[in-house]
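After this come two complexes, each holding subunit A, first together with subunit B and then together with subunit C.
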Partner chain A sequence: MKWALLIGALCLAGCNKPESTYARNSDVKAGDIKSGYAFLQDDTKALQDDDFANPGFLWVDRGKRLFETAETGASTCSTCHGAHGMPLKGVAAHYPKVDAKTGKLLNLEAAINLCREQHQGLEPLAYESDDLLGMTAYVASLSRGEPVSVDITGPAAKYYEEGRDYFFRRKGQFNLACSQCHNEHWGEKLRGDTISQGHGNAFPAYRLEWQDFGSLHRRLRDCDTGIRAEPQDYGSETYMAVELYLAKRAEGLAMESPGVRR
Partner chain B sequence: MIRISAPDTAEMGEIVEVKAMIQHPMETGYRRDAKGDVIPRNIIKQFRCAYGGNTVFEATFFPGIAANPFLAFCLRATRTGPIEFSWTDQHGETWSETRQLTVS
Partner chain C sequence: MRAVAPMSLVALLGGCEPQHDARLASDVSIVGDAVPASLTGAPGDAERGRAIFVSREEGHCVLCHQVEGLDAEFQGNVGPALTGVGGRLSAGQIRYRIIDAQRIWPDTVMPAYYRTHGLRQVEHGYEGAPALSAGQIEDLVAFLEAQAS
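Take a look at the complex of A and B:
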């Protein structure tokens, strides 16, 4: 992979103890927490800031249309979640969240699919399909500017721990942990990229490298693949748990979806 | 999906900005998939904007154009009439969208 050279250099410093399963303890100091936006080039920032030029709005528009359109025999999302029902403004900032009925951790994609199944009698939408990305982007866009804030107490605690474990666990052929890039080396260069602190507040987002819009799980799969580790499945419980850990770690950052990234 | 930004009204002689974006992969034909097979080229070839039936902006696209092409340009408002945006891909399929401009 193209990261190989620089990761190789990181490894010289960090990979000489293959027996250590976890990276050393580290964090981003509370006062230093910055969105990935802060590490973008001006052109990319400008693309995110312009609600017309930002290609993510193609998906927001798609989601809004789906939200207001009835599929055969079902009521529309807007019937229940319109201005006079249970508006969804601000809710995305509190995801992932444990479903009170099943005790399962749900990210926004899963919460939308659950609603389709339980309240509309429809099949769940496929992860990473344009329709689910669009719906997620639309619901997330209703929380733009809201501070990220998640509950990690009670039934959520074990998911938070699982996510934290994944973040510090060294893996892949390069034997690197998320923390070694996003806690220990943020602000430094990895080839053409500046390593950010690895927050999820812009997702789903448009990535120029993808030439496409994608979920946070797609981004995580890229990071795992970059260190030559086996990526987890889309919508997997592990990535949901990582998402919760990342959200807690990013607490207070403004929601940006639909973000634009390199 | 198509996104258009154009004013509904303008004064006679005013210069107005219009913007258009279409969701399209603009697959170059030079990339390969995970199995090593060439991903076939799939691009938009032509964009046209007609105002009151006359072409006022036209563009030919090539494989180097990024996905979801975005165009912005200016028109001089000279009469009330439709602004029609149309895209044609390499297979001849077309998409179009129309906005009405009222000039006072």
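Take a look at the complex of A and C:
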């Protein structure tokens, strides 16, 4: 009887078990949550910590300049978000967020572009352009040190579920899910990199490998192509949803943008 | 019962083996936990296998595995060290682990290098082709088989 069971189990595991679309359920225990910063080498940490050496501040400064200057015919951002208006300190820590009017999920980049269109009568900036990265980095930098905290209730719930679905879904030629690296193998060495828990709290960030400053979506595209999965578009609803899922997962971590990563 | 057990083992195994794994790039015969036959019908080249094991454009196995004495910087440790693996596993077992590790260990992060079917969202340009060719896999098998402790 025992034998038959054992053999049955072997056969099932070996030949007949249908593969699941999803990786197994897993998480990072609440007490273990750590920023990607914790896995960096000392010289990379030092670069992030020094505002004068951190290359990300080139984009923050660019964003600050844009924030305070008017494009032809438009008011400046600082007209509304100045010392007397709606200050932006701490605001970035609560993105992505659902836009009450349209029900759409907005990350910081999208919120900035919406402001341009609705309040300044300007065209949206192209995703990953230095201007949009700069504005995003500037606004995010006003939340440095604030704990990540997003709302996933009400209209945000479906986006959270969509993001979670993406995180656990196996994909690409290598058939891996985000969760398999960032929940199950963080702390281990993937060649020169230590796999972190895959949080987004440092972005937009300067990546040494890019020799450039980039958005979280650029980082997600790298992880997708790393497993030979077709990456999603910049600013796509799917990556927005993943961004929301990641933010909830990173709840309480300090905002670091402009971060520096390998 | 004792006497019957080995018989039923044979019968049951017979029922599910040799298997033909329909998700692979070509018809491959799996016997137990091994793929005994060379995918090309010929033995691989261990020296080429070493290059494939290290190269970022090919196997890039050092992303996760370490082999002591191998000339490669920064070897990963997500997978077990493969130093001496030829002493632990037969060529057929090594071949099966490269071809479809996810069939042996459903939750493993090791990619199935000879799989083409049942995948989702595969990057354009990689659809329909396995990550490694039959020849590359045979070269890797030859290289790893030669890693005896």
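Just so we're on the same page, the second predicted complex is superposed on the first by the 244 of 262 C-alpha atoms of A that agree within 3 Å, B and C clash if a C-alpha of one lies under 4 Å from a C-alpha of the other, contacts with A are read in each partner's own complex, and residues count from 1 in each chain.
Everything below uses one rule, namely that a contact is a pair of C-beta atoms (placed from the backbone, for glycine too) under 8 Å apart; a residue touches a chain by one contact, two chains touch by 3 or more.
Remember, it's a predicted structure, so these values are computed and weren't measured experimentally.
Contact with subunit B, but none with subunit C, is seen for A:D212 once the two complexes are overlaid on the shared chain. Using the contact criterion defined above for the overlaid structures, shared-chain residue A:A229 touches subunit C, although it does not reach subunit B. Of the two partner chains, subunit B is the only one touched by A:F57; subunit C is not.
More residues of subunit A lie in contact with C than with the other chain of the pair subunit B and subunit C.
Considering their complex, residues 1, 3, 5, 19, 21, 23, 25-26, 66-68, 70 of subunit B touch subunit A. Residues of subunit A that touch subunit B in their complex: 52-53, 55, 57-59, 61-62, 208, 211-212.
Contact residues of subunit C toward subunit A in the complex are 1, 5, 8-9, 12-13, 15-17, 19, 33, 62-64, 73-78, 102-103, 106-107, 109, 111-112, 115, 118-124, 126, 131. Taken in their complex, subunit A has these residues touching subunit C: 1, 3-4, 7-8, 11, 13-17, 19-21, 23-24, 169-176, 180-181, 184-185, 188-192, 195, 224-225, 227-231.
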